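Shared between the two complexes below is subunit A, which pairs with subunit B and subunit C, respectively.
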Partner chain A sequence: MSTTPSSRNTMKDRGIVVFGAAFVLRLLLTCLFPALPDLLTGRVEVSTPVNSFKRLQEGLFLYTRNVSPYDGGVYHQAPLLLPLFALLPDAKSSPLPTAIFYFLVDLLNAYALLKISQSGQSVKSRLHTAVRQHVRWDGVSVAAWFLFNPFTIATCLARSTSVFTTSGILFAVSNAVGGNSVNAMLALGFASYLSLYPTLLFIPLVLLCYDIRAQGPNPPKIGLYVVQHAGLLLASIAGLLGLSCLITGNFWEFISATYGFHLLVPDLTPNVGLWWYFFIEMFDSFREFFLGVFWLHLASYVGGFTVRFQRQPLFVITSLLGVFAVFKPYPSISDASLFFAMLPLYRHLFPLMRYTFFAVSAILYSSLLGPAFYHLWVYAGSGNANFFYAITLVWSLGISILLADAVFAALRDEWEQQNPDQKGAEVRQV
Partner chain B sequence: MTIKTGDQESPEDSTSRADPKPSVKSPPPPETPAAVQTRFRVIAAFWAVIIFLGFPIWWKTTSIYRASLPIEEMVDWAGGKPFWQACRPVFPLDIHLATPSMQSADAQHLLRTTQHTLDDLNEFAAHHLRLKLANDSASDYGEGDLGADASGEVADTALTVRLLPQENLLGPRSELHAAATQLDVFYPPNQVPAPSSWNSPLSTYIAEELQGLYGEEKATIAHILHTAGLASTSPQLAEDISRRLRRSMKYAETYHLSFSLFTPGSRPSSWDIEAAVNEYVSPLLKALSPISDFTVDTQVQLYANFAPTAPKPEFDESEAAWTLKKEDLSAFVNAAEWPLNPSIGSGPTINFILYVPEPSQSPLIVKENRASSWIVPQWGGVFLLNPTLSNDKTGESNPAHLSQDSLGPAFMTFSHQLLTLLGTPSTPASLPLRLQTSIRVRAATLLLSASSTMGSLASLTESLPSIPIPATVATSVSTTLSHLSSTCSHLREGRFGAALASARVAETEAERSFFEKSMVGQVYFPDEHKVAVYLPLLGPIGVPLVVGLLKEIKRIIAGRKAKRAAAS
Partner chain C sequence: MTTFSLYSLPLVALILSLWSSIVIASPDYHENLQLHPLPQSSLLASFNFRSNTSQESFDQQHFRYLPRALGQILQHASTKELHLRFTTGRWDAESWGSRPWNGSKEGGTGVELWAWIDAPNDDEAFAKWITLTQSLSGLFCASLNFVDSTRTTRPVVSFEPFGDHSEVDQLHLLHGTLPGEVVCTENLTPFLKLLPCKGKAGISSLFDGHKLFDAAWQSMSVDIQPVCSPDGDCVVQIEQTVDMVLDIDRSKRSRSNPIPRPVPNDQLVCDTSKPYHSDDTCYPLEKTNDKAWSLTEVFGRTINGICPLAEVEGSGEQSVCLHVPHERGVFITEGAEEIKKDDGFTRCFNLASSGSFDLSIPKQLVNLEVPLDEPVLHAERTIVGNGQERGGMRIMFGNPSNISAVDFIYFETLPWFLRPYIHTLHATITGRDGISRELPASEIVKETYYRPAIDRERGTQLELSLSVPAASTVTLTYDFEKAILRYTEYPPDANRGFNVAPAVIRIVDNVHHAPIYLRSTSLLLQLPVPDFSMPYNVIILTSTVIALAFGTIFNILVRRVVSLDQASALGATTLKGRILSKVVAIRDRFRGKATKVE
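Coming up: the complex of A and B.
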C-alpha cells in the first residue's frame, strides 16, 4: 500500500466525517425518538438475559443498595459492570450520559476495526497472500459498514452490554495485528470475563499474534509462545475474577449466576438463537446431555477451522464469530453485527461468493418478519411459538449461508493461490 | 434444518469442496500431499472433540444411577397375605389386676382362672389380653398415659382392673371410668374363687367384661389385617366397623382443622373462638398428638348464602321450627361460594362449620330427628347454632357476638365429630381407652400401608429397569425398613405408643421414597424413544463426520497397500 500524504489527509477527513456522522445519527435517533431506546431494550432480538440493559439496571439498583446483585435471580452479567455504571448518572432520569457513553464505545469499536483493516492482515498474512489483494475497502469504509449497520445501531441504542464484549474482541484482534500480543490477551481476557464464549477465540488469536511476531527478528518457539500467552490470558481472567470477588463478596454465587447461567441455559426466553426452543422441547433427563452436545458443537469448530485456515488466523476468528452468532446460547443481533463488521475486511473474497443474494434476502426477510411474528405470538395471540422459531431458523440459515459462502470463497482463494493457472475457472462440485 | 445449515459450513464439506475440478478438458491438478494432510488433521480435530469430550459427556449425563435396594427384604415385608414373612403383628395388651383387699394367693388364682377363661374366649390370636397383678396397686392406675412413655422398656398398661369387694351384692358389677383407663369391678366377697375350682362366676364375669370392652377393637384390627372374619363378630358390628372406616379420613401425618362461622346476615360477626378452641379442642388434640399433628385455623364469613340450587328450609308447624330434610343435607354446604380451603399445605383439611341461620329462619333443625349437627364423611362436620334472638326496634336479630358459653354445645359436638372423622371407635365409653385403641389401629394401618408401599416400590424398580433410583430413595427405604421392624418389635412387646411413632416414620419415609419425583421422569420413556431423541440432531451431525472418517480410513488403507505393492 502506497499512500501519499495528501491521500492520507483525505482519509483522515473522511474518517472524521464518518465517525461524526455516526455519532450525530445516534444522537438524533435518541433525541427525536426518546422512546426508541427503551423499546429496543425490551426487544428479545436485541436484549437477552445475559446482555439486557434492564437487567443491568436491576442489578445496579441492588448493588447501590448494598444487596447482592444476584439475589433477585434477574441479573446475570459480570459484576465489574456495576461500579462502572454506578459512576454514570441514573439512566432513567437522565438517559443521555449513558447513551453517549454507549455511542463512544461504538466509535471505539469502529476505531479498532479501522486499525485491523489498515494492518492489511486480512489480505496479506505471513503465509498467505490473497489473489485479489487489491480489491478491498479502506479502513474508513469498513468502519462505516460497522457504524451504519442497523443492527449495530439498534444494539447501541438498546444499551446492550454485548458492546463491551464486542470491544474486548475487536481490541484483542486490533492489538494482535498491531503486534501488541500482551494487550491482545488482556482484551480477550476482558471479553471472556464478560461473556465466557470469547475464550474459544484464544487459539486463532494466539496464532495471529505469532504470525505478526514471526515476521520480526528471531521468532520464539511456537509451543512456548502459546503457553506464555495462555498464562497471560488466565492471569488476566483471574485478575478480573479477583476484582469481582472483591465487589460481590460471594464468589460461588457470582460464578453460578453468571458463568453457570451461560453454561446451563436455565432461562429459555425466546431469542434469535436455536437453543431456547430446543431446550423447551427437550426431555428433562436428556437436558444435560444436549447441553453438552450444543456446547461441544460450538467448540468443535475451533479445531477444524484453525487447522484448515492456519495460514490466515484472522479469517478463523471471523468465521468463528459467525459460528457464535448462530450457535451460542444467548445470541442477539449484536453478535451478528460483529460478524458483519468483520466480513468487509474480506472484500476481496466477495467476487468468489456464490449465494450472497440468497443469504442477504434470508437475513432481510427474517429481520423484517421476526418482530412481526413475535408480535403475533406474544401480543396478538394469533400465532404460536413456532412462528417466531421458524423466523429464527431463517435468520440462522441466512447467517450460516453467508458464513459457508465466505468459507468457500476463502478456500477457493487459497486454491487459486496455489494453482495460479486455474484462476477464474468454473467451479464444479465432484 | 438448523443442523443442515450447521453442517454446510462444517469443514469436511468445505474441504471436499476444496478441490473443485474446473472442467473436463483440463483435469484438475492433483491434490498436494499437504492438502491431504490438512484434511486428515481437520477430521482428526473433530473426532478428537467427539471422543475426548463428547463421549464422556454422553456417558456422564445419560447413565442412570440406580442405588441398590434391599429388594428381597422389601418383598418380604409386603409378602403374601394373610401374613408377612418379616413380621407377624401381634397385639398383646397388658391388663393390670389390682386387688387391694385380696390375699395374694387368691389373687394369683383369680388371675390364672380369668386368664384361662379369656384365652378360651379369644379366637383372634394376634390380639390377646395378658393379665398381670398390679404389684404396687396404689401407683399408676387412673392416669391414661396413652403410651406417652414411648421409649420405655416396659409395655404400656392398657387397662387397670380394680377389684373391690362390696357387701349386699347378688352378682359382680362393673363400672368403667370415663376419663381414665380403669375398670372398677365390685363383687360380693363370697364369690372369690376357691383355690380348688377352675371356674368361678367372678373370673368368668371379668373375662367376659374385658372381652366386651375390646371386642370392637379386635374386630377392627382383624378387618384391617384382612384376617378371615371373626366368628363372634356380629354382622351388625362388622357393618359398623366398615362404615366407620369409610367415614373416617385417610391417615395423614398432619391434619388441618378449619373452624368456620357462616351466617347469611351480618350478625353474629364475632365469636369467642380462641377460648372455645382452648377449652374444648386443645385437650383433645393434645391427647391425639401421638397419632397425628394438628393445625387449627378459623374464619368468620358473613352473608354466606345457600347455593341457588339447594332446597330451602321449610317451616314445620308441629315442631315450630324451620327444618331441613335429611336427604337435602348433602347440598347444605355451598361448596362453590363458601371459601372453604380444600387444603392448606400438605395434609388434608377437616372442616367444621358453625352455621347461624338468619332470624327469619330460626330455629333451624333437621326434620327427621330434630338434630342440629351432622358429619360429612371424610370432609368434616356441620353444626346449626340457633342462638336466642334479641329484640330491638328493627325486629328480631342474632346477637352480634357469640360467647364461649353459647359455643359450648357446638364445640362439644365438633370434638365428637373429630374423633369420629379420625376413625376412633365408638366403644368403650372411656375416652382414654378409645384413644389407645386408635393408637393400635393406626399402628396396624400404617404398618400395613408402609410395608405394602415397600412391596410396590420393589416391584416397580424390578419391572422398570430404566428408571433411576436416587440415593435418597435408598436411604428412605432403609429407614422405612428399620422402622418397620422396630414397629413390629414394639408391638410384640406391647409398647403401642412407641410402635405408632415408628410406624409414622416408616410411613412418611415409604411415601417419600415411592413418590420421589426424579424416579418417575423416565417411567413412560422406553428405550426405543431414545432413537427419536438422538437421531434428529445427532444424525445430521454424525453422518458427515462418519463418512469423512470412513473416507480417510479408506485412503489410508489404499495408501498402505500401494506402498506395500511398490515395495514388493
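Coming up: the complex of A and C.
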C-alpha cells in the first residue's frame, strides 16, 4: 500500500487518539464506578472457573502462604500467573496498579491487531486476493473496533485472565503475518500453555507463517517447515511447563488441576457456552462419551476449515476463534470479543453476508436478556435454570450463524476471484 | 468346635475368676442423674453412665459392661478412642448459661463422630474409618455410612484424646459429621441396649422417646477411651451420657391431649405495670421457676429402682441429684433417702433398691435462685447474602468477660460445593460502646490451618486459632461461592437446601485445664438448582444447536459455489439430476400408457 507521509502522520495521530481514548475510558470507568470491576468479576458471562480473577486472587493468597493452590478446587489457572501477580500490589487494597496492567495488556492486544490489519494479509495473501480488497477498514479502525467493544471493556475491567490468552493468540498471528515465525510459535505456545485450546490453531498458523515465508527467496519444503515449527511449539510449551514445575513443585498436581480441568469439565458453573447445562443434565453413564464427542466436535472444525481455506490461513484462524467462542468448554464473552475483533479484518466480506441482521439481532438480544434471565433464576427466583440456558442457546446460535455466514461469504469471494465476470451474480451451492 | 472349647475352657475359667475378683474389688459401673431446673421453666436432665473394663479382658474379647457389639467393632477397626454424638435442638446459652459437661459431651446438630484409629498410614486409617462408620451405622441405626471422604476431616488442633494412649500406637484422628441427620427413637433404642440395665431399671428407666426427642435440646453421647492409672493398669472406659432440656409446661401436657392450646385469658400472667395493659392487651411475664413438677409429669415415668450393677451401698454415692435451693420443698417416694449437700443448692437421693421412685416439687415462691455459670464465649455463625450464586459466612464471637481475653480454636468443615474465598477473610471488632472497626484478620487470628476442598473428593477444613479481647465482639466474614451440581447429585428435596455442619469451638482454658467446647448451630445452604424434569429436553436442544452449527458450516464447506445458470446446467449432469430425469421419463411413460388405455 502506498501511503503518503502526511496520511501516515494522520494515521499515527488517530492511533494515539484511539489508544488514549480507550485507556482513559477504562480508567474513568474504574475510578468513577469503583464497584464495577468487582461486579463484573462476579458475572458468570465474564468470569468462568478458568479465567476468574477472584479465583486467581485465592490462588495467589494460597501461593504466597506456601499452600499449593492446586491442592484445592478453586484455582485452575496456569502456575506462571502466580509469580506474575505476586509482583503486583494487592488488588483488594490498591486496585489501580492491577487495573492499569490489564489496560496496558488490552492496548497491546489492540496494537497486535493493528499490525495484523496493516499487513493486509486478510485481503491479499500469497494465493488469494479478495475481489473487494479496497473495501476495508484501516488498522486504527480495527483496533478501535476491538478497544471500544463493550465485551472487551467488560473483560478488561473484570481482570479476566483470558486477556493473556488473547494476547498470546493475537501476538502469534501478528508475528506470523510479520514473517517472524519463531516468535509466532512462542506466542502460540504461551497461549496454549494458558488455556490449552489455542493449540488447535497450530496448523493454520504454521500455514500462515509458510505463506509469508514462501513469498521470500528459497522457500523450504512445507513438510519440513511444519515439523520444525511443531517442534518449536512443543519446545516452548515444554519450557513453560518446566518453569511451572519449578514454581509448583508438583507436576501432576498442577497438570490435572489445570489441563485436566479443561478437558474433563468437572465444574459446571453457568457460563455462556453449551457445555455446563448439558453436563448437569447428562446421565452419569454417558458423561465420558459426550465429553469425547464435544471435544471431537470442537477439533473437527480445524480440519474442515484448513482444507477448504488453505489459501487463506488467516481466515481459518478467524473462523476457528468463532468456533471456540461457542463450543469450548468454558467460554466467556472474552472469546466472543476476540472473534469480533478479528472479524473487521474481513470488512470486504460484509457485503456478501446474507444473515447479518438476524445474527446481530440474536447476539444483541441474548446479551441483553442473558443477565436479566440469570437474575430471574438466581436472585429473583421467579425463573428457573432453563431461562438462562435458553439464552445461552440463542447466543451460541447467533454467533454460529454469523460464523457460517462469514464462511459462506469467504467462499463466495474465492469463487468471484476465480470467475471475475460473475461478480455480484446470484449463486447457489451444489 | 470341640477342640476349640477344650482349649478355651481353662482360659474362660481363668478369666472368669479374674473378672469376678475385679467385680468384688470395685464394681465398675456407675450411673448418675443430675436435675437442674433452668430459667424459662426448663429442666436440664443429665444422665451419665460409666463403666470400666480392664484392658486385658477387652483384648481377650471378654466383655461385661462394655457391650460386645461395640467392643468388637472397635477391635475390628483398630479404634483406640471413640466419640459419638447425637444432638438435636439448640442450647440457649443466653438464658441457660454455660453448657453441661463444659460442652465436652455434646455434638453438633445431627450426628458427629470422631475417633483415634491406630494405623500405619493415612490410607489404612481411612479404610478402617470407613469400616468403623459402616459398622456403627448398623449398630446405631444412623446414616453414618454416608460419612465418606467429603465429610471426613483430620482436625489438627481442635481435638485432643481424652484417654491415655500408649506411645507405640500410630494414632490418626478422623472426624465426620452428618448435620442433616434427624436423631430419633431408632437411635435411642440401640443406645439403651448398650447399657447394662438396658433401660429396665435404674435411671435409664426414665427414657421415653416421646419425651426425649420432644426436648428443646438433647444430646446423646458415647465415649470410649483407655484410661490408665499411674501404676500402669489400664482400663477401657465407656461413658454414655444423655443431656436434655425439657420445657416443663410442654412436658406436662398429657399425652392423650398433646395439642398446644392458647392459655385462657384469665390464666395469662401479664405485666400489669405496662401502660397499655388492659383486658385485651397483655405483655406476658417471663416464665418463673416456681412451677410445680414431678418426674412422672415431666418424663412420663418413674425411676424403676436402681440398676443392681451400679454400686450404691456404702460408697456415699447417690445416683439422683437435684439442684434447687434447700428452702424449696421436695417430696420423694417413701424408702428413699434425701441427702442435702453443703453448697445449699444440691440434694441427692439414695434410692430404694426396688420399687419406683418419684420426686415432686410443689409450686413455691423462692427468692433464691441457683446461680448459673456464665459462658466463657458466645459464638454464632450465619450465612449472609442473597441469591443462589454466592454468599458470605459471618461468625460472631462475643467475650462476656470484662477482664481477660479468651483464646480458642475455631474449627469448621464445609462441604465441597461451598467454595470459600479465604483471601476475603476479614475481622471486625466491636467494643461495649458499640463502635466497630475493621482490623486485619491477622491481628485476631494467630494461626490458620486451611485445607481447601477438592470437588467431589473432600470438604474444606478450616482451623483458626483466635483470641478475642475482653469485653468485645469479633466478627469474622468471608465470601463463598456455591457450586452447581450434576442433577443426580441433588437430593430429592433439592430446594430445601444443604446442611452445613456446625462449627466446633475449643476454648483453651488454662485455669481448669480441661477444654471447653462450644458448637454453633448447623446452617442451611441454598444451591442453584437445574430443572430436574429436563434432561431429555436439554440433551435434545443442545444437540440441535450443535447440529445446526455443524451442519450449516460443513454444508457450506463441502459444497461448491456456482451461479444460478451453472446450477441448473449442473443439475442435468449430476447423479441426482440423472435420477430425476429417469423418474420423469418413467412417469411420462406411465401417463402415456394410461392415456392409451383410456
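Convention: the second predicted complex is superposed on the first by the 426 of 430 C-alpha atoms of A that agree within 3 Å, B and C clash if a C-alpha of one lies under 4 Å from a C-alpha of the other, contacts with A are read in each partner's own complex, and residues count from 1 in each chain.
By definition in this document, contacts are C-beta pairs under 8 Å (C-beta built on N, C-alpha and C of every residue); 3 or more make two chains touch, one makes a residue touch a chain.
No experiment lies behind these values; they were computed from the predicted model shown.
When both complexes are superposed on subunit A, subunit B and subunit C occupy overlapping space and clash.
Once chain A of one complex is fitted onto chain A of the other, the partner contacts of A:285 are limited to subunit B, with no touch recorded for subunit C. Measured by the number of subunit A residues touched, the leading partner among subunit B and subunit C is C. Of the two partner chains placed around the shared chain by superposition, subunit C is the only one that A:266 touches, whereas subunit B remains out of contact. By the document's definition of touching, of the two partners only subunit C reaches A:72; subunit B does not.
Of the two partner chains, subunit B and subunit C are each touched by A:297.
When the two structures are aligned on the shared chain, A:62 is found in touch with subunit C, with no touch to subunit B. Of the two partner chains placed by superposition, A:9 touches none, neither subunit B nor subunit C. Within the superposed three-chain model, A:274 lies in touch with subunit B and with subunit C [touch as defined at top]. After overlaying the two complexes on the shared chain, residue contacts for A:384 are found with subunit C alone; subunit B is out of touch. Taking chain A as the common frame, subunit C overlaps subunit B at a single listed stretch, which among 384-392, 438-446, 510-518 or 546-554 is 546-554. In the superposition on the C-alpha atoms of chain A, the part of subunit A touched by subunit B in one complex and by subunit C in the other spans residues 274, 278, 283-284, 297, 300-301, 304-305, 308, 326-327, 393, 396-397, 400-401, 403-404, 407-408, 411-412, 414-415, 419, 422, 425-430.
Those residues of subunit A whose C-beta lies close enough to touch subunit B in the complex are 274, 278, 283-286, 288-290, 292-293, 296-297, 299-301, 303-308, 319, 322-323, 326-327, 393, 396-397, 400-401, 403-404, 407-408, 411-412, 414-415, 418-419, 422, 425-430.
By the touch criterion stated above, subunit C contacts subunit A in their complex at residues 386-390, 416, 419, 421-423, 450-456, 481, 483-488, 528-531, 534-535, 538-539, 541-542, 545-546, 548-550, 552-564, 567, 570-571, 574. Remark: subunit A residues 42, 44, 54, 57-58, 60-62, 67, 71-74, 92, 266-270, 274, 276-284, 297, 300-301, 304-305, 308, 326-327, 377-379, 384-386, 389, 393, 396-397, 400-401, 403-404, 407-408, 411-412, 414-415, 419, 422, 425-430 touch subunit C in the complex. Contact residues of subunit B toward subunit A in the complex are 1-2, 5-6, 8-12, 14-15, 17-23, 28-29, 32, 38, 41-42, 45-46, 48-50, 53-54, 57-58, 60-62, 468, 521-522, 525, 533, 537-538, 541.
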